[in-house]
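Same chain, two partners: subunit A is paired with subunit B first, then with subunit C.
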Partner chain A sequence: MAALAERHPGLAAWFGYIRRIPWLAFLLLYTIVTGGPFVWVALMSLRTTNEILDAPYALPSPAHWGKFAEAWTASKYGVYFWNSLIVVGCAVVLLTLIGAMAAHALARFQFRGRKALRLAILSGMMVPPQLLILSLFQILLQFGLYNTLAGLVLAYVATQLAMTIYILEGFFAQLPQDLFDAARMDGYSDFEIFWKITLPIGMPAIATTVVLNFIILWNEFLFAIVLLTDDDKRTLPLGIMHFMGAHQLDIGMIATGLMISIAPIIVLYACFSEIMIKGMTAGAVR
Partner chain B sequence: MASVRISDLHKSFGKSAVLKGVSVDIADGDFVTLVGPSGCGKSTLLRMIAGLEDVGSGEIRIGDEVVNSVPPKERNIAMVFQNYALYPHMRVAQNMGFSLRLSREPRAEIATRVDRAAGILGLMPLLKRFPRQLSGGQRQRVAMGRAIVRDPRVFLFDEPLSNLDAQLRVKMRTEIKELHQRLKTTTIYVTHDQIEAMTMADRIVVMRDGLIEQVGGPLELYDRPENMFVAGFIGSPSMNFIPGELTGDGAFRSKAGALFALGRTAQRAGPAVLGIRPEDIGRPGASGGVPLPLAVRVIEPTGAEVQVIGSFEESEVVAVLKGRDAPKPGETVTLAFDPAKTHLFAPDSGARLH
Partner chain C sequence: MTASELQPVRTDDGLASQGARQTSRATLLAFVVPAVAIFVLFTLYPVLRTIWNSTQTLGPMGNGTFVGLQNFEEILFRDKTFWKAVSNTAIFTIVGTIADVAGGLLLALCLYAGAPMSRTLRVIWFTPVLMSYVVVGIIWTWLYDYDWGLINHILRWIGLGALEQSWLGDPNTALWAVLVTHLWKWLGFNMIICLAALSALPKEVLGAAELDACGWWAKLVYVITPMLWPTLLNLTVLSFIGKMMMFDLVWIMTGGGPLWATETVSTYVYKRAFNWNTFNLGYPSAIAVLWSGMIIAFVLLMMRLFRQRERLEF
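Presenting the complex of A and B:
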């Protein structure tokens, strides 16, 4: 091959392209499979249900941009959106704070029962949410938190905490002990060390958990539908569900709602994908 | 500046005893290295002086004050770590002034002291950089700057040069020694590298298994090691040991019966180990010396000298020869050593025979 490249550089380049064809074909197929439905929904979000039923795959002509305003106000997507934002925002803030503190303690301090505690916390990851839903429902009912956004926030924190601690602890444990000794000699208290050393240095891992939790909780459906009943308290996934009646399906409005629902995730991922990948792979290579 | 006095210090982690009764006095302004193989307790001792480990039993005194239960920041000491321990999210100047900021020194005072330390260490052009933008040597210098800024009573160094390449290590060694000559702050320096210990320290504390084997000046340890461990640990290449016995009339007989006339008539007959430094073995010259036959196995030239590694009876013997006409592997050569420069040890306890 090397000899060929020397004698016929053009030919060698062609060979290079040909060798890559199967790989390119695979990538193309993958992009169509994953991106296709998204593009389809995006197109449908600008068309009315009647137009869609007439020609499911047609381009929007004309594009009904007004559907977004209508969805936001008349179809109450605005209310659902804010509910989602409040619930997920609060849950992610709580998760990050509690998770980081727990991860810091598990990674930094040697105390009696540390391993057992760690196992107890992390085993939370192995319990499927369906198993918890009945007991959670009863607990929230007892505390008067059933059908409240606060109740859903707490349920979300409880379910996602194990994974958050797992990711953060792995990262924090790799920070050199010298750094923390130096901070102690500089006069920092244990809490200050967490707040001013671990948190800023652990930012890539923390950003990872923030994005991950946000995406997971933003799309969460099961807990929301069981723990919320009032229409005014619904989160976005429930709101979209609202448009799927037993006998009729407002596909156009559902597509518009889906776009409203997907937009924040895309923005978040676009902004943080790099830092997130860094956080996921941190420590793999020194 | 202050003296450090350590009395009968014990420390255990769980069931394993790390320090088993360590006592040492470090005078004001001294540069002391703690040296020993890994696991000997030297780093634990340093961390206890720093206040990063609790004292099991015993007493640590800095100046006139017992500091056993004084938190690290109130001991007024500064430590330089092996991994530099610079805060990655702060610039060099912030890193250096950080402890002062915590103790609420006025801003102008912090700036003055940071500038002074940066001037001493040649860090002025780097003050605005982040640690990740610095080389290993520069990072270590910043770590030292951070220690200097505090104007501490005692400097502690925990294997600060281990992460640097060989060339930079030698350079930084000189810099640290120069710094000590300039600031005259009491310094305790932990290393496992005996060359570092020898070249830098006023006094060396050799440790093994949680105990101090010997304390003394570098040349004192080199010339009069108290036991076989110190004799073998200090000096590179290590001292050669040949087991045998003293005949009582001043000679030493090896296990296979070779007789060396050492002229040690004061020593009683009995089993002994003869210690000879590689650099005290040479070619037999006009001045004589005691002949030592050596079956040469490997030759290691270093340019200025040649290390000849060979066997005498069952012992491995290393000789350092000046010049370049080295013997060849496989040959048996007769070298010679100066009997006045030999050492004798008891085979069972390893203690020096006086």
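Presenting the complex of A and C:
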């Protein structure tokens, strides 16, 4: 090969190129395999069921944009969307606040029982959801929170809290203590230190947990299906499943619903892809 | 060494930082109580209550009778569906975990080897990770559809029409079809983690392997894999936990059918609790307790084994 390269540089480069073709083909193929289905759903969301059944893999002509309006009102995807937004929004805000406070205390203060407390809270990461869900159902029923959005928010906060504290504490513990000593010299109270120093400086870690919690909860299915029964309270994943159950054959409308649930994530991902990749993998890298 | 040298050099500074790490009990409580309350009320208490429930037969009104370990006896010795679910979950976990970690590593290597537009590819390959199981499950149910699904379309197109299947309707293929979907969703996640670990490798080592004229396979087996070992183990444990608790995708794609071919332990727990209309939460609680115990035991065992192995190797 080396001798060949000396005599015919062009030919050698060409050989190198040929050798890379299977690999390049694989890259292209896997890109189509991962991205293709979403493009397909996007195309179907603009077509009617009859058009899809005629030719499942064709372009939308004409594009039925009105399907989105119809899905939003007639098929109640609007209701499901707002429910999802309310539940996930409340849960993420609560998680961030409660998690940051606990992480701040664990990272900043020395107190008796700190290690035990940390271990107890972080052990929450090890709890399999089935161990929670059955009696959480009973407990929320007793508190009158079964089949309410508030109950679902509480369940979500409980399941994601350990992970949130784990990520935030890891970050907060690395902040230099001098910063906090200086703030205290300047007469900041403990709450001012938390609000004006830990939170702003901890923003990268907080952004990570917000992304992680938002995506996980926006997609969450098991707790929602157990804890909600009213149609008017369903979150998006439940709403789509329900619609699918009732109109198995209305593929066009299901696709529109899928698109409504995918769209916010795709838009966010297009703008903040690096932050979101970092956020989703935060718990797994050390 | 004199006694004075053992003292902190700047005593007042030491005290100041000591003081900064102290706070009043009230402040401390204000910071910690919300998290502790959530933990105790909605994690610790439900777990303990599930364990307690597992020793009960619960009536429709929530009134329980204590039956001791009878539920466990029933599950272990007489419940055939449970064992079917266990074997499905085991296949899922073992095959899925290996494929997940190996596949993630290979995808990462593909990008690491200098793929064109690798940043864009990385972003596209990661997209399925962000999507819900409902979205992924419905899309793949369509792709597997007998009449108009893409898989059968392609098979007919390349002249392998004899192989076309009702992929999710046949008990022989359903489990594998769901497994492929699960892999498709999660490979990007493993890829990103492997890619991060690869980029952190010292360049000289790979360069040295290059000089020794290692083939790419030898390089992968003898150089890259051992150096990524901690990362791969981490991924193995994560993937293992995820697959042992597999619920959503199975529930959405097949509901555990056909003929229990894809029933996992989690879907069985759900069915016994909420679909059988017996309102007896005791029995499913016992399954949940048993299975969670298994998961935790396995994870601890794996971590222990891996740690020993690491100690032996390095």
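As a working rule, the second predicted complex is superposed on the first by the 236 of 286 C-alpha atoms of A that agree within 3 Å, B and C clash if a C-alpha of one lies under 4 Å from a C-alpha of the other, contacts with A are read in each partner's own complex, and residues count from 1 in each chain.
The rule is simple: a contact is a pair of C-beta atoms (placed from the backbone, for glycine too) under 8 Å apart; a residue touches a chain by one contact, two chains touch by 3 or more.
Quantities reported herein were computed from a predicted structural model and do not represent experimental measurements.
**Q** Which partner does A:Asp186 reach: the first (subunit B), the second (subunit C), both, or neither?
**A** A:Asp186 contacts subunit B only, not subunit C.
**Q** Please indicate which partner A:Leu27 is in contact with in the superposed arrangement: first for subunit B, second for subunit C, both, or neither.
**A** Only subunit C is touched by A:Leu27; subunit B is not.
**Q** Check whether A:Gly35 is in contact with subunit B, with subunit C, with both or with neither, and answer first, second, both or neither.
**A** A:Gly35 sits against subunit C, while subunit B stays out of touch.
**Q** Counting residues of subunit A touched by each partner, does subunit B or subunit C come out ahead?
**A** C
**Q** Using the touch definition from the top, say if A:Ile240 reaches subunit B (first), subunit C (second), both or neither.
**A** Touch partner of A:Ile240: subunit C, not subunit B.
**Q** One more residue to check, A:Val267. First (subunit B), second (subunit C), both or neither?
**A** neither
**Q** Looking at the overlay, what does A:Pro176 touch: subunit B (first), subunit C (second), both, or neither?
**A** first
**Q** Counting only touches as set out at the top, which of subunit B and subunit C does A:Leu11 meet: first, second, both, neither?
**A** In the superposition, A:Leu11 contacts neither subunit B nor subunit C.
**Q** Identify the overlap between the subunit B-contacting and the subunit C-contacting residues of subunit A.
**A** The answer is residues 181, 184 of subunit A.
**Q** For subunit C, which residues are in contact with subunit A within the complex?
**A** Residue positions touching the partner: 16-17, 19-23, 27-28, 30-32, 34-36, 38-39, 41-47, 49-50, 53, 62, 107, 110, 113, 115-116, 121-135, 138-140, 142-143, 148, 150, 153, 184, 188-189, 192-193, 196, 234-235, 238, 241, 244-245, 247-248, 251-252, 266, 269-270, 273-274, 281, 284-285, 287-289, 291-292, 295-296, 299.
**Q** What residues of subunit A sit close enough to touch subunit B in their complex?
**A** Those in contact with subunit B are residues 176, 178-179, 181-188, 197, 200-201.
**Q** For subunit B, which residues are in contact with subunit A within the complex?
**A** 47, 50-52, 72-73, 77-79, 81-85, 87-89, 98-99, 102-103, 158
**Q** Name, in rising order, each residue of subunit A that touches subunit C in their complex.
**A** Checking each residue of subunit A against subunit C gives 23-24, 26-27, 30-31, 33-35, 37-38, 40-41, 53, 56-57, 97-99, 101-102, 104-105, 108-111, 117, 120-121, 124, 126-132, 134-139, 154-155, 157-158, 161-162, 165, 177, 180-181, 184, 190-191, 194, 215, 218-222, 225-226, 236-237, 240-241, 244, 251, 254, 258, 261-262, 265-266, 269, 273, 276-277, 280-281, 284-286.
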